[in-house]
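Worksheet for the structure shown next.
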Amino acid sequence: MALETKNIAKTQLQAEVASLKAVGYRFVTLSCVDLGDSFDLIYHFDRELQMTHLRITVLKGDTVPSISNIYFAALCIENEIKDFFGISFDGLILDFGGHFYLEEEVKRYPFCKVSVKEPQAAKEGN
Amino acid sequence: MGFFTKLLETSRVKSPWIVHFDCGSCNGCDIEILACLTPIYDVERFGILNIGNPKHADILIVSGTVNHRNAKVLRNVYDQMPEPRAVIAIGACGTSGGIFREAYNVVGGVDKVIPVDVYVPGCPAKPEAIIDGVVLALGKLKEQRTAKDTDSLAAELHQAREFYANRADRQVVE
Amino acid sequence: MDIKSIIFVILALIFAPVAGGFLAGIDRRLTAWCQGRFGPPILQPFYDVFKLLGKDRQVVNTWQIFCAHIYLISSMLSLALFAMQSDLLMIFFVMTIGAVFMVIGALSTPSPYSQIGAQRELIQMLTYEPLLVIVFVGIYFVTGSFKISDIVAYDRPIFLILPLLYLVLTFALTIKLRKSPFDISACHHGHQEIVRGVLTEYSGPYLAILEIAHWYDIVLILAICSLFWTTSAIGMFFLLAITYLAEIVIDNITPRLTWKWMLTYVWAVGITLSLFNMALLYAKSF
Amino acid sequence: MVSQMVWVSIVLPFLAAIGCLIDSKPLRSILVVGTGVAVSLASLLLVQGQAFSLNPETIFGIPADGLIAVLDFALLFVILGISYQLKNKLIAVLTVLQIIPLAFLELFLHGAENTAPSIYGDQLSMIMSLIISIIGSLICIYGLSYMEEHEHHLHVEKSRQGRFFFFMVLFLGAMNGLVFANNLLWLYFFWEVTTLCSFMLIKHDGTDIAVANATRALWMNMLGGVAFILGLVILRAKGLPLALQELISTPGVASLALLPVGLLCFAGFTKSAQVPFQSWLCGAMVAPTPVSALLHSSTMVKAGVYLVIRLAPAFAGTLFSHYVALFGAFTFLTTALLAISQSNGKKILAYSTISNLGMIIACAGINTPAAMAAAILLIVFHAISKGLMFLCVGTIEQRIGSRDIEDMRGLIRIMPRTAMIAVIGMVTMFLPPFGALLSKWMAVEASARLPLVVLMLAIGSAFTMVFWGRWLGLVMTSVMGEAQEPEEQSPLVRVPLVILAAAAIVVSFVAPGLYSAMVLPVLERFYSTDLYIAAQGVFINNIGMFAVFPIFLVMVLGVAWAARASSGKRVHQRAYSTPYVAGLQDPANPQRIGFKGPLGQWANFTTSNYYMDAWIGEGRISGWINLISSGILIILLTGVL
Amino acid sequence: MFDMTRTIIANFFSKAHTRLYPLQTREPFPNVRGNLFNNIEECILCGMCQKRCPSQCITVDKESQTWQVDPYACVYCGVCVEHCPVHCLFMESPYRKPAAEKVMNRLVQVQGPAKKTKGAAQ
Amino acid sequence: MSTIIPFGPQHPVLPEPLHLKITLKDEIVTDAIPMLGYVHRGLETLVSIKDLDQMVQVVERVCGICSCIHAHTYCMCVEGILGIEIPKRAEFLRIIWSELHRMHSHLLWLGLLADAFGMESLFMHCWRIRERVMDVMEATAGNRVIISINKVGGVRRDLSPDQLRWIAQVLDELERELDAIKPVLTNDYTVKKRTVGVGVLTKEQAYELGAVGPTLRGSGVAQDVRMTGYGAYKFIDFEPVVEKDGDSYARTMVRFRELYQAIDIVRQLIRKLPDGELSVKVKAAKPEGEIVCRSEQPRGELLYYVKGNGSKFLERVRIRTPTFANVPPLLAMLPGIEMADVPVVALSIDPCISCTER
């Protein structure tokens, strides 16, 4: 059974999300799947128990625009994904720098099957 | 054994104050520990109070798996308890890491970080089992030194710490 | 000071903590019954204190120890002064030494919990102190003296003349006993947003000292309550027993409230009640 | 003998003050210390004797009354000049309002010939003189080193200390004159001298805020001066003697002269900065600390309450008296409340001063022997402890660069000696068995028949406890085993501090003796019943008792026991534990106080007291306080008309 | 303000609800998932339980004929019991007692099923 | 001049390790920054070593309080991908246990709330009556807390008619006991003093910040995932419980009324319980595809995203728990309240950290 998602490009994200918000959707959450050399990011929205899903696919190492400026609620989940997958979000309101859940002892992105870069280098920017 | 020593021992056995630290438990064990305090099990019968402050407590009850972040807290909480003290690890998670042993952020059971006196198995441990565990720990409490022999304690702590420090480089499951 | 009053003082100093401990034990048992539990043994408070005395010392700084001792001394002193039947107001002021040092002890540690606890303790003191003074003034109005010897010699139960002031006194009693809804700065079981407030940083023997001092305090306040019925032992007993039971019930049926509420409510109610009682008194005397 | 001593205590400072103007440090030091020692000795010698009166006809060959009158005018014209300089019309008007009645009084009103002695000294005057001479001198001596530091701090090129000590020392003389003066015109002169000194010293640093606050102090005090002189005019017009003792012992004076007495009391209120005039005293805290200590806590403001206490027998039993009690109690209550909202140490001290003065005035209004005893004792104990506290705050400020009590957290670590002395100062301010509390106890028992007053006193004293208690506690905030920095103190600082601290304790201890020897004789002149008897260290009267010696004894033993239990020997370093921080302390460095918070950042503890600005901030309630107190004042004054 | 009074007064005058464990123990409910046992004589060492156990706490070793469970990692889910082909695994109502030492529950099969032999607990 | 106070991770009021760095001024919270991760185990990564049947046991242990519904939702996802229809009786039984979970969760929470504002007797009362529910669970499912009755394809245990009767009887008792404390919550001056007007979340805020469950319904939004009629809910009549005020009191009342609602739902389920199989056989399942399933937990809407890759190990299981969604509203509520109210407000969203962090 397939999930019906609307595939969009990374650049369209902000506009698309804003337009969803305008028609009364609320942000539910964001799921991320490691596809090997890229990530699938699926944004889930809900309006009166009807769901809509947006999907963007980004290459590893790419950054993604944050939607925490549109939905404050996206703040936690974006930080979480940053922890787990090492995806950087542009314009995150409150950035926990990859230590939302994880301590320094965890030296790689646990949810990636293959780490994005060398662990040391990957954590550098944070 | 003088009268006062005896009095002291009786008092220790009769008034174990506990502090409960939830160390990454799934709440299953937590609520069972709390259930012990409630009318049906009422551990206050044994003088047990959930005092919530390690500085006042005699027994540290730990539920849940240790992860990298709460390990430090667990350590700190334990450090702040004055002697004599005892540690009880509750549940599969507390004793060994339970079903989450292999998860990447899990260090393992409580004994990876601090010395554990009593292991209470179960998932979650039944309130009766927890009461049994506390009773078992009372024996420990009675015989434990009070401050005098800090050297062995220090060695013990050191060991545990070292062990924990080595865990830092633990491999993450692919 | 004759030999009789010296013996009386010594007896008071020895038996007050015993009585205080028993009261605390009974309190815990009855509370457990109110909650449908079995409850701890009556001697539990003594076990607790002995155990604490045998624990390792652990302090943040040495001032804490100093303050705990001063608290104990002043509680004992105020009880001794009471046993010597001296001035009520003076006893009250001596009691404040202890209370203030308790606060200082808590403030002397840099921990935010005990600091906040200390601030709240100050507010609690701020709440009950004027009330106690008013109660004493009320007693003075009736008996014409602040001296306990004169008050005891008064030939009618003061309770019948000043029932509302007695109510005001029980507010102070509740605060002093650290009972809901006024267990704001530190509560007995320590499930509080500020852990155990002023007691957070005390442990082991020093906590035991505070506990013993607290027992002295309880006994003293109950002794002050007993002044309201000095004509017969039975009357006094029932007054105290009912008061204590009422405290336990109140403790169990109310949540802890915030200090702002405490300050405004207790002052408003306390002052109104006392003024009302005073007005009644005036009305009667004319 | 007596007359020499009186001259030493009044005139010597005036002369020494002029010497201070010479810009030479050693000379100034000698002068200040010498004057201090001399006036202290003089006042001590005076205490040996009985009440006395003197009537000097001439001073240095000039007719005394005439000299005073001339000086009076001179002084007023100086102030007029100042008002011109400040371009302040209000002060000018107030000055003119004094010049005219004074001239009228001197030139046209010749009531009963003044036969009363101009100088009179009883035990009350002696107590005052003791306070002024000893505490005042100690503060001046402390000032010597303080001002060095102070000017160094401000980078003053040309030392202005000459001027500073001129007014400080001058002030000692003026105050001594004030308390020994019996002739009200003399008293008026000294009164105005203190006003001028105060103004000059507040604006000493010359900053804008200093000038503004000095101006405020000046006009408020001048307002009192106007009331004073008007009172004198009315007295003279009614044919009453212009002499203090004669006035209060005139039979039926309460009905005859309530208005002038009321006006004089009003002058006292302004000088003692009672609400609504509290703002000048708070503003005066911009002055260098010795000034605050000398003028605005221990001595000058006491002139106001001294006058009210002196006049108390004149209005005993009147409604006016009740209102004075109410007014004083109100000041006590509200300023104690305001003190809670402050974190500036000097401001707290200022408000606490006003509060205590309010208590004294309330006692004068209660007007029973117990209350009067409380008032006089409180003057003594307050002067000692408050002087001490000011000096401590000054010392602390020079070291840590702040007078905010929040910055004094853990002071015990940085300056253990001063902190300990400050602790003594605070403890003696509000805890039994020390004198200040003893007087408070007397006051409460004395006021027990006045419900409203006793209520205000009860609540006010609880407020007092709050702001002292927390200050006391946070000075001690520390953790065990932290490195203590050694503390250096110059002897010029240490000696006054230690003497005052010792005095605070010792004088409290001998309070029963002090009472019997010095206070009882004063009271016995006017009251015959309900007096406290102080026998075997226990104050006792028909409604209450206070066991000073027993409590002292037990507390001393207790403190010794507690100190032993908490001494470093008995508490091993191993017993140290970090404060409980929900398990987030730094185990590697337990001395580091804080916790590891969100984002993995270390957060140091900051804690602060509750100031409740939103509830009782100065800006919020001062208006109401002023309004209500003005109301009481107006009732008070219209009542006497 | 006094709405709780009725409840606590009622509690006060009725018997305490406390089960006085350990003085009195309640009969466990039937079918409660308590301690895990293996009837080792009947075990065919097929390893099904090991494969199915979500906590991976069973080790079956055909070589040394041992069946071992880590009772401190077992989550008492009963999955192994359900999947054992010969139903030699069973759970008994009493829970496992707390202990001061962690002891593995290691059973060695001396002889295969059908032949009655005793397993030795170590 | 402010006080910074660490709230948690070892804190007596919240049994769970949540850390808030709270900045106070005169006891008014001016700022609160959370720190999570004390319970984070990373169990979503366990999919790579536990097959899809074993994962049921793992997701149950996301949280002991709401374990049943976690397993239920997970099973719904896998069954959805595999296209399995499970027997109707199993659907009903799942919901019976789920609603029992809701009851015990709400009672537990109510007790904790009472403890947070210092009313020990109410805490004791709630936990005492909760034991009845626990007994039911132990007797019917074999364990008190983590009952493990779900499996992919159905349920593992049945309820006998005797047991059903007993449950009905327990529900009656429960209702009586709840009636006893009803006035305490609806009427009591002191309780209301602590909750009414504390931590107000307006309707707009709640909607916007993504609040779910009673937190959302307490603010007047009638959103309840059970309305979508998953599982056996399509056969049940119920209305979402809504309160308008958005303060702690409203949230308390939502949960309290949901207790009655849950009792009612279980009664309906027992009445309508059909006969039939307990499970369908799922043979060597190798799911492929993605799915999103939602369900209503005691704390609100739970979302599972499951992706299979054609092996018996799933590719990804992603759990969005209700508390996770309620954290931003909590952060929005904290500034401006009193320190003493922090535990009350924190508890009013019924935080469950182990769910949040998984």
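The chains carry the letters A, B, C, D, E and F, assigned in the order they are written, with residues numbered from 1 in each.
The rule is short, and it goes like this: a residue touches a chain if its C-beta (ideal position, glycine included) is under 8 Å from a C-beta of that chain, and two chains touch if they have at least 3 such contacts.
What you see is a predicted model, and the numbers here were worked out from it, not measured in a lab.
If you take subunit C and subunit F together, the chains in touch with both are B, D, E. Identification of common neighbours of subunit D and subunit F yields A, B, C.
Counting hops only between chains that touch, subunit A reaches subunit E in a minimum of 2. If you compare C-D with A-F, the chain pair joined by more contacting C-beta pairs is C-D. Comparing the CA-atom centres of all chains against that of subunit E, the greatest distance is found for D. Among the chains, the centre nearest to the mean of all shown protein C-alpha atoms is found for C. Centroid to centroid, with C-alpha atoms defining each point, subunit D and subunit E lie 79 Å apart.
One finds 28 Å separating the Cα centroids of subunit B and subunit F. In terms of their C-alpha centroids, the spacing between subunit A and subunit C amounts to 58 Å.
Separating the CA-averaged centres of subunit B and subunit E is a span of 22 Å. Along subunit E, residues 1-4, 8, 16-18, 20, 54-55, 75-77 each make contact with two or more other chains.
Shown for subunit C are the residues in touch with two or more other chains, namely 32, 34-39, 56-58, 112-113, 115-116, 119, 189-191, 195, 200-201, 203, 252-254.
With touch defined as above, residues shared between interfaces to two or more other chains in subunit D number as follows: 577-578, 580-584, 598-599, 605, 607, 610.
Contact between chains, as defined at the top, is found for A-B, A-D, A-F, B-C, B-D, B-E, B-F, C-D, C-E, C-F, D-F, E-F. Per the touch definition, subunit F reaches subunit E in the complex via residues 50, 53-58, 61, 119, 121-122, 125, 128, 135, 138-139, 142-143, 146, 148, 156-157, 180-181, 183-184, 187-191.
On subunit D, the positions that touch subunit A within their shared complex are 598-600.
Interface residues of subunit A, counted against subunit B in their complex, comprise 101-103, 105-108, 110, 113.
Residues of subunit D touching subunit C in their complex: 409-410, 412, 430-433, 437, 440-441, 444-445, 448, 451, 454-455, 457-459, 461-463, 465-466, 469-470, 472-474, 476-480, 542-547, 550-551, 554-555, 558-559, 561-563, 565-568, 571-572, 575-581, 593, 605, 607, 609-610.
For subunit A in complex with subunit D, the residues that touch the partner chain are 96-97, 99, 104.
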